[in-house]
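Structure first, then comments.
For reference, chains read A, B, C, D, E, F, G, H, I, J, K and L in written order, and residue numbers begin at 1 within each chain.
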Amino acid sequence: MRKILVIHGPNLNLLGDRESEFYGTTTLDEINQRISKLARELDCQVEFLQSNHEGVIVDAIGSSKGKVDVIIINPAAFTHTSVAIRDAVSGVKIPTIEVHLSNIYNREEFRSKSLIAPAAVGQISGFGVNSYLLALRAAVFMVKK
Amino acid sequence: MRKILVIHGPNLNLLGDRESEFYGTTTLDEINQRISKLARELDCQVEFLQSNHEGVIVDAIGSSKGKVDVIIINPAAFTHTSVAIRDAVSGVKIPTIEVHLSNIYNREEFRSKSLIAPAAVGQISGFGVNSYLLALRAAVFMVKK
Amino acid sequence: MRKILVIHGPNLNLLGDRESEFYGTTTLDEINQRISKLARELDCQVEFLQSNHEGVIVDAIGSSKGKVDVIIINPAAFTHTSVAIRDAVSGVKIPTIEVHLSNIYNREEFRSKSLIAPAAVGQISGFGVNSYLLALRAAVFMVKK
Amino acid sequence: MRKILVIHGPNLNLLGDRESEFYGTTTLDEINQRISKLARELDCQVEFLQSNHEGVIVDAIGSSKGKVDVIIINPAAFTHTSVAIRDAVSGVKIPTIEVHLSNIYNREEFRSKSLIAPAAVGQISGFGVNSYLLALRAAVFMVKK
Amino acid sequence: MRKILVIHGPNLNLLGDRESEFYGTTTLDEINQRISKLARELDCQVEFLQSNHEGVIVDAIGSSKGKVDVIIINPAAFTHTSVAIRDAVSGVKIPTIEVHLSNIYNREEFRSKSLIAPAAVGQISGFGVNSYLLALRAAVFMVKK
Amino acid sequence: MRKILVIHGPNLNLLGDRESEFYGTTTLDEINQRISKLARELDCQVEFLQSNHEGVIVDAIGSSKGKVDVIIINPAAFTHTSVAIRDAVSGVKIPTIEVHLSNIYNREEFRSKSLIAPAAVGQISGFGVNSYLLALRAAVFMVKK
Amino acid sequence: MRKILVIHGPNLNLLGDRESEFYGTTTLDEINQRISKLARELDCQVEFLQSNHEGVIVDAIGSSKGKVDVIIINPAAFTHTSVAIRDAVSGVKIPTIEVHLSNIYNREEFRSKSLIAPAAVGQISGFGVNSYLLALRAAVFMVKK
Amino acid sequence: MRKILVIHGPNLNLLGDRESEFYGTTTLDEINQRISKLARELDCQVEFLQSNHEGVIVDAIGSSKGKVDVIIINPAAFTHTSVAIRDAVSGVKIPTIEVHLSNIYNREEFRSKSLIAPAAVGQISGFGVNSYLLALRAAVFMVKK
Amino acid sequence: MRKILVIHGPNLNLLGDRESEFYGTTTLDEINQRISKLARELDCQVEFLQSNHEGVIVDAIGSSKGKVDVIIINPAAFTHTSVAIRDAVSGVKIPTIEVHLSNIYNREEFRSKSLIAPAAVGQISGFGVNSYLLALRAAVFMVKK
Amino acid sequence: MRKILVIHGPNLNLLGDRESEFYGTTTLDEINQRISKLARELDCQVEFLQSNHEGVIVDAIGSSKGKVDVIIINPAAFTHTSVAIRDAVSGVKIPTIEVHLSNIYNREEFRSKSLIAPAAVGQISGFGVNSYLLALRAAVFMVKK
Amino acid sequence: MRKILVIHGPNLNLLGDRESEFYGTTTLDEINQRISKLARELDCQVEFLQSNHEGVIVDAIGSSKGKVDVIIINPAAFTHTSVAIRDAVSGVKIPTIEVHLSNIYNREEFRSKSLIAPAAVGQISGFGVNSYLLALRAAVFMVKK
Amino acid sequence: MRKILVIHGPNLNLLGDRESEFYGTTTLDEINQRISKLARELDCQVEFLQSNHEGVIVDAIGSSKGKVDVIIINPAAFTHTSVAIRDAVSGVKIPTIEVHLSNIYNREEFRSKSLIAPAAVGQISGFGVNSYLLALRAAVFMVKK
C-alpha cells in the first residue's frame, strides 16, 4: 500500500482565517479530511504534518527515507526562502510534489520564485484545495510507474 | 456537457522524437487519445489544437469565447515569449490551465519564467503526459463550482 | 491623396469585450468607422488590417513600401515582443506612428517597454479611441512637411 | 470655456538654439503662438508657464486645482528625475497630458523612462511642435467627455 | 485594557554584549523593564517573547489572534529573510509595528531591505531602546482609533 | 529650551485633498497645530517650513546650524531623489529624524528606497499624523542625552 | 548527395532596400543565386525558404527531419525572440548553422544575444553575403565527417 | 586546553546517503570520529552539534560565549539564507571558521554566495572530510596566536 | 579677455564645516579668492555662483550663452541627480569642465556615477581646492585653441 | 600576395590535451599545418603567433600595421577579459576575424560575451579546426573586395 | 616524492609592506621558508613562482603537466580577472588549491567573486600565512588518495 | 628634486594613428616632450614607461617604492580590467593620479567604470594631451604639501 506524507508549511494552520481572497475559507482540518477521503479511494495511506518550523520539516523529510513513497509539500512561505528543505528533498531522493493553493505567479514578484521547485518532480498551483487532490493523483501515477 | 479546448504549442507535434530525456517517447496522438479516454470517463467533450503559429493559437482562444468552458494549454516555447497568448487568455476570460510535460524549473534559467502564468488559473508541470490528465481533472473541479 | 495604413495588433478584434477597465466598450468596427470619418474630413485614404499573426503584420509593412505614406500601428502585445515588426518599420522607411489605447506606463512593468518605439516617429498612448484620431492628425502634419 | 495650463520644463526656454537635431529651430514663443492659435479655434483658454525650477512647477500644479481643466506638460529633463511633479499631478487629480518634442525612446537609455507617465492620462512624443497641438486636441476630447 | 505583544528576534538575547557600536550596552532585561514601566503609565498590558527560532515567532503570532491588540516586533536578522513572519503578520490581521534599534539604512546594503515592512502598519528605526518606547506610544494611538 | 525645525517636503501643502487613501484628510495646518500642542507639553520650541523647492529646504537646513537642536523632516517625493538634502543633513551634523505619513514600504517599489535615511538618525513611517508626534518625542529623547 | 535547407528569417525579403549601411545592396534573389552556384561546385542540393512567420519556419524545421542533412538559418529578428525556433532546432537534431549578414555584436545591445545559438552547431556573422557561402562550406565539412 | 565547537548544519545527518557525487559516502559519525582523533593529537577538546534548526544553531553560538575558543561551522543550506547565524557569529566575537565538504563555487550559482563568510575568520571548502581536519588545524593556529 | 563662470553646487556654502574628512577646512570664500588670484595671473575674468537650487544653476547656464567662454562647475549633489543641468550644458554648447573636491570614486557607490560628465568636456576630481585651479588652467588651454 | 596573421590566444598550446570534449584532439601544430596548406591553395601568406601573454598579442597587433592584410584571432580566454586587444584591433584598423573552436554560446554564461567582437569584422565559432579554415576563406573574400 | 608548485600572484612580492591591515608583516621569503619547512616534514618537494604577469603564470601551469602533483595558487588580483588562469587549471587537469591570505568575503564586493574557484578542487582563505600551510596539508591528503 | 613616474598603458604607442576622433594626432613622443618641458619649468624629474603588458606596469609600480614621489598613469584599456594595477597602487602607497586623454564618460558604457580610480588620489580626463600637463601640476601641488 502506497505511503504518502503530506506536509503543510508555515501559517497554513491559520487557513480559513488568513487572507481569504487568496486562500478561501476551508480550514486545514477540512483539507486533510478531503485528502484522506480521496486517499482511501485511491488506496493510499497518508500522514500529515503542519509546522511553522523549517527545522521540523527538514527533520521529517530526512527521517521519511525508506518509509514514504511520495512527499506532497505545500512549502508556503518557505517556498521562497528555504534551501534546507530543497536540500532535504534532494537528499532523501523521495519523489516530491510541490503544491500551492493560490497561483503564486500573479502575486508579489518574489512569490513567483520557488527554491524548492528544482528539486521537486513537479508543481501544481492555483487550484485551491484541489491542488492537493490533484497532487495525490499525480503521486499515484508516479508510484504506479 | 463541459467543453474543453486542449492547445498544444510549438514543436509538440514532434513529441516522441524530440529530446526524449525531457519529454519521453509518447507521441502527441497517443497523448490526445489518453486525454480523450479520461474525458469520456469524466463526461467532458474535448477539442484539440496543435500549432507552431502563435497567431493561430491567439485566434483559437479569441474565437472560443462562449463555446468553451475551460482551456488547457501547454504553451511550450511560447510560455516564455508570448504576451499575445497571455492577453488572449485575459481577454476571453475563460478559465485556463497551464500545463508542462517537464519540470520547467530545473532546466535553463529562462524556462522558469512563464508569461502566461499570471493570466492562468493555475499551473501543472513536471508529470509528463499525466500533467494533461491532472489538468483535465482540475478543469472538471472548476466547472463544477 | 495621402494613403495611410492602420494596423491593429493581436487581440484587438476582441475590443468591447476584453478587459474593459483598460480598453473601454467600443468595438474595433466602431473604431475603424470613427477613423474613416476623420480621414474623409482630412482628405486621407485609410486601409485597415487587424491580425493576431506577427508574420502577417510584417508582410503587410514590407509590401506597403511605395504604396503608403504613413503607417499607424497599435502593436498591442507585439509592442513588447516583436523585433521583426521593429525591423520591418526600419526597413521600409515609411514614417510610422505607434498608438496605444491605454496608458502603457501604469500597468505591469513589462508593458512600459516598447520594442517598436525606437523605430517609430512618435508615440501616442492613453487616450482610448482618440489615440488613433490624434495619430491620424499627426500623420497629416507629417506628410504635409 | 475650457481652461488649459501648458507647462514647459527646464531648458525649453533655449529652444531654437539647443540641440536642433532633436528639437528643431522653432523658439518657445513661436510654439506658444501656435498653441494659442489652435486654442482659439478649439475655444479653449490657455495659460503658459516655463520654468527651470522643479519647485515652481510643483507650486503651479498644486495651485491650479479647481482653476484648470487639463494640464499639458513637457517635463523635459524632469521627466526622468522628478517624483515631486508626479506626486503633484496625482495630488491635484487634474487630468494631465505628457508631451515630448522628440521621440524619447531612441535617445540615451535613461530618457526612455518617465517618472511622470504613470500619473498622467496619456503621453504624446516625437512630433515636434505638433506634439503640443495634438495634446491640445486630446485635452478637448477629454473635457468633452 | 490594551494588550500588546512585544517580540524580540534572534540574537537580541545577546544585547549589551553584541556589537555595541550598533546596539549600545543596555541588556534585553533592562529594555523590557523600560517598556513595562511606560506600559503601566499608558495603561497597557505587555507580554514579551524573545526567540532565535523563526518558527516560535510564527507560532506566537498565529496564536495571538483575538488575544492581542497590537504586536511590536524587532525581527532582527529575520527582517531580511523571513517570509513566514510576514505571512503570519498578514494572516492574523493584528496591527503590527516593526522596530529596529539601529538605523538599518546605513549599514550593509542587504539590511536596508525589510521583508516584514510591507505587512506592518509602520516602522520605527534608529532610536535605540527608544524605538520600542515610541512604538508603544504608536500602539496606543492605533488602538484608540 | 529645545529648538526643533519641522520640514514638510513637496506637495504636503495639498494634504487633506491629495490621495486620501494614503494620507488621510487632515490638513497641514491641523498637523502643525497638533505638533505645536505636543511641543508645548514637552517644553520644546518648534518652527515649521513647507516647500516644494529642494533648494529652499537645503538652504534652511544649511542655515539652521547652531540654531536648531533637532530636525524633523518629511521629505515626501524628495526622499527618493534628493542627494542635496542628504548632503545638507550630513553637512550640518544636526540630528535629523525622517518621517513619513504612510508606510513607504508597501507602495510602488521606488518609494521603498530613501536617499535621506543613511544620513538620518532614524526613521518613523506609517502612522499618519502620529508619525510627526512620535518623532517629536524621539527628538526629546535625543536632546536629553 | 547532401541536402541543405537555407532559411531566411523576417524582413530579409526586403534586402537591397533595407538599411543598406548594415546589409548592403544585394537582393535576396542574388544571394540565393550565389549560394546555388557554390552549392553546385560543392556538389550539394539546396532548398530555400524565406518567411516573416515564425510558425512557418518552425513547421519547416520540424518537417525536414530525415530529408535534410544540414540547416543554414539566418534567423534575423527571430534570433533574439524565438524560443520556438531554438526548440525546433534542438528537436529535429539536424545540425544547424546560424548565419548573420552583419556583425550582430556592434549594434544595439539586444542584438548581441542569440536565443538560437545554444542549439546551433556554430555561428558565422559579419561577412555579408559571404556569411552564407562560408556556412555552406562549413556544412560540407560537417557532413563529410 | 583549547575548546572547539563543531557545528554541522541542516541535512548533514543524511551524510553517506545524500547526493554522494557531492558529499562522498562517509557518515557524520565517521566524520566526527576522525575529527575527535585529530583533536586528541592536537590536544584540543571538541564538542559536536548537528541540527536542522537554524534557531538551535543560533542558540548554541550565543550560549558558547566564554566557553569555547573557536567555532567550526559547516552551515550547509543555511550558508545562503541565514542572517541570524551570521549575526550570532558577529555577536559572540568567537573566531569562527566556515567549512564546506564540496567546492561551493562550481555548483548552482546561488551556492557561491555565503552570508556567513563576511563574519567568519576564514573559509575552507572542497576537501571533503578533510575540510574539517584542516579547519581544526587552522583553529589551533589561531588560538596559539 | 577670457570669461569664465565658476558654479558651486548645493551645500558648498557649508565648506570648512561640512564633513572635513572629505572636503578639508577651507571655506568657499577662500576658494574663490584662490581662483581669482590665479585668474588674474592667467589673464581671465571669473564670475562665481553658489546655489542650492538646481533651477538657479540651470538659469545661469542658459543665460550665459554668448557671454562666457568656459564654465567650471562643481555640481556636488546634483552630479548624481540633475538631468536638467546636463541638458543645460548640452544646450548652450559652452565648453564645461566638471570639478570635484574629493575623489568621487572611493565613496558611496552612487557617487561614482555622474549624469553631468557625458555633457562635459572633461572632469577633474580628487585634488581638493586644486581641482578648481587645475580646471582654470584647463579652461585656458581650451580657449587658446 | 595577401598577408595574414593568425593569432592563437592563451592555453591553445595545450590543444589535443585540454578538455577534449570542447576542443577535440588535434594539436596546435596540426591546426597550423592545415591552415598553411589552405593558405597555399588560396595564394596567401600566413604567419602564426601563440601566446599566453595579453601584452605579446597587443604588441603583435600594434606592430602589424602596414604589414598584414587581415588578422585572424582566436582570443580564447582573452575573449572575455581583454579590452586591450579590442583597442589594439580598433587602433590598427586592420580587418580582424574572431574565431572560436567551440560554440561559445552553449557553455558557461560568461563565455557568451566577447569583448573583442564589437571591434572585429565578423565572428566564426563552433566548427573546430574548420573555424580557422573558414576564416581564411573569409579573409580572402575581404581582401579581394 | 610528491611535487607541489606554489604560485604567488601579482603584488605578493610586496608582502610585508603592502596594506598590512589585510596581509600582515611577513615577507614573501619568510612565507616560502615556512612552506618549505612544512614540506620537508610532510615529505614533499615544493617549487615557488611569484609573478605579476598573468602570461607567466599561465605558461607555468601549462608546462607543469606531468611534472607536478598539486598546484597551490594564491591568484591575488588575478582571482577576479583571469579566465586564462582558470582555463590553464582546467586544461592541465592537475588538482589545484586556491589560497588567500585575507578573508576575501569581507572586503570590496568584487573581491568575493573568484573566477578561478570553479576550476579548483577547493579554496582556503582568511588564515594569513597559515592558508598556505593548510593548503600544503590538503595537497598531501589529495595525493595520498 | 621631485621625481615623477609617467606610465602610459596599452596601445598608447599607437597614438597619432589610433582612432583620432578620440585621441587626436599627437604622437606619444610629442606628448612626452611636452611633459618633459613642463617638468623642467616646474623643477621636476620625470621618467616614462609605455607598456602593453599589465605585468610590466605592475612590476614598475612595485619597484618604484622609495624612488618616486608621484605616479601619473594613463591606464588606457587596463582602466577597466586590471585589479593588479589597482592593488599595486594601493600597495606601494605612492600618490597616484589617473589620467585619460578622452572623456571616458561619453563613450561605451564599460569605459565609464574605472577599477583604478578608487586607489588613486584623483582623476583628470578629457583634455587630450593637457590631461597629462594638468596632472603634472597636480603632482607638484601634492608633493609641496
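In this text, contacts are C-beta pairs under 8 Å (C-beta built on N, C-alpha and C of every residue); 3 or more make two chains touch, one makes a residue touch a chain.
Everything quoted here is computed from the prediction, not taken from an experiment.
Separation of subunit C from subunit J in touch steps, taking the shortest path, is 2. Here the chain-to-chain distance from subunit F to subunit I, counted in touching steps, is 1.
Think of it this way: of E-F, D-I or G-J, only one pair shares over half of the F-I contact pairs by residue number, and it is D-I. Of all residue numbers seen at the subunit G-subunit J contact, over half occur in both copies; the interface is built from largely matching residues.
Per-chain Cα centroids separate subunit A from subunit C by 47 Å. Chain geometry summary: the mean Cα position of subunit B and that of subunit K are 54 Å apart. For this pair, subunit B with subunit G, the centres built from the Cα atoms lie 31 Å apart. Multi-chain contact residues of subunit K (touching two or more other chains) are listed as 53-56, 81. All chain pairs that touch, listed by label, are A-B, A-E, A-H, B-C, B-G, C-D, C-G, D-F, D-I, E-F, E-H, F-I, G-J, H-K, I-L, J-K, J-L, K-L. Contacts from subunit B toward subunit C in the complex involve residues 53-56, 58-59, 62, 65, 81-84, 86-88, 90-92. Considering their complex, residues 103, 105-106, 112-114, 117-127, 130-131, 133-134, 137-138, 141-142 of subunit D touch subunit C. Against subunit F, the residues of subunit I that register as touching in their complex are 9-11, 13-14, 17-19, 51-56, 76-78, 80-81, 110.
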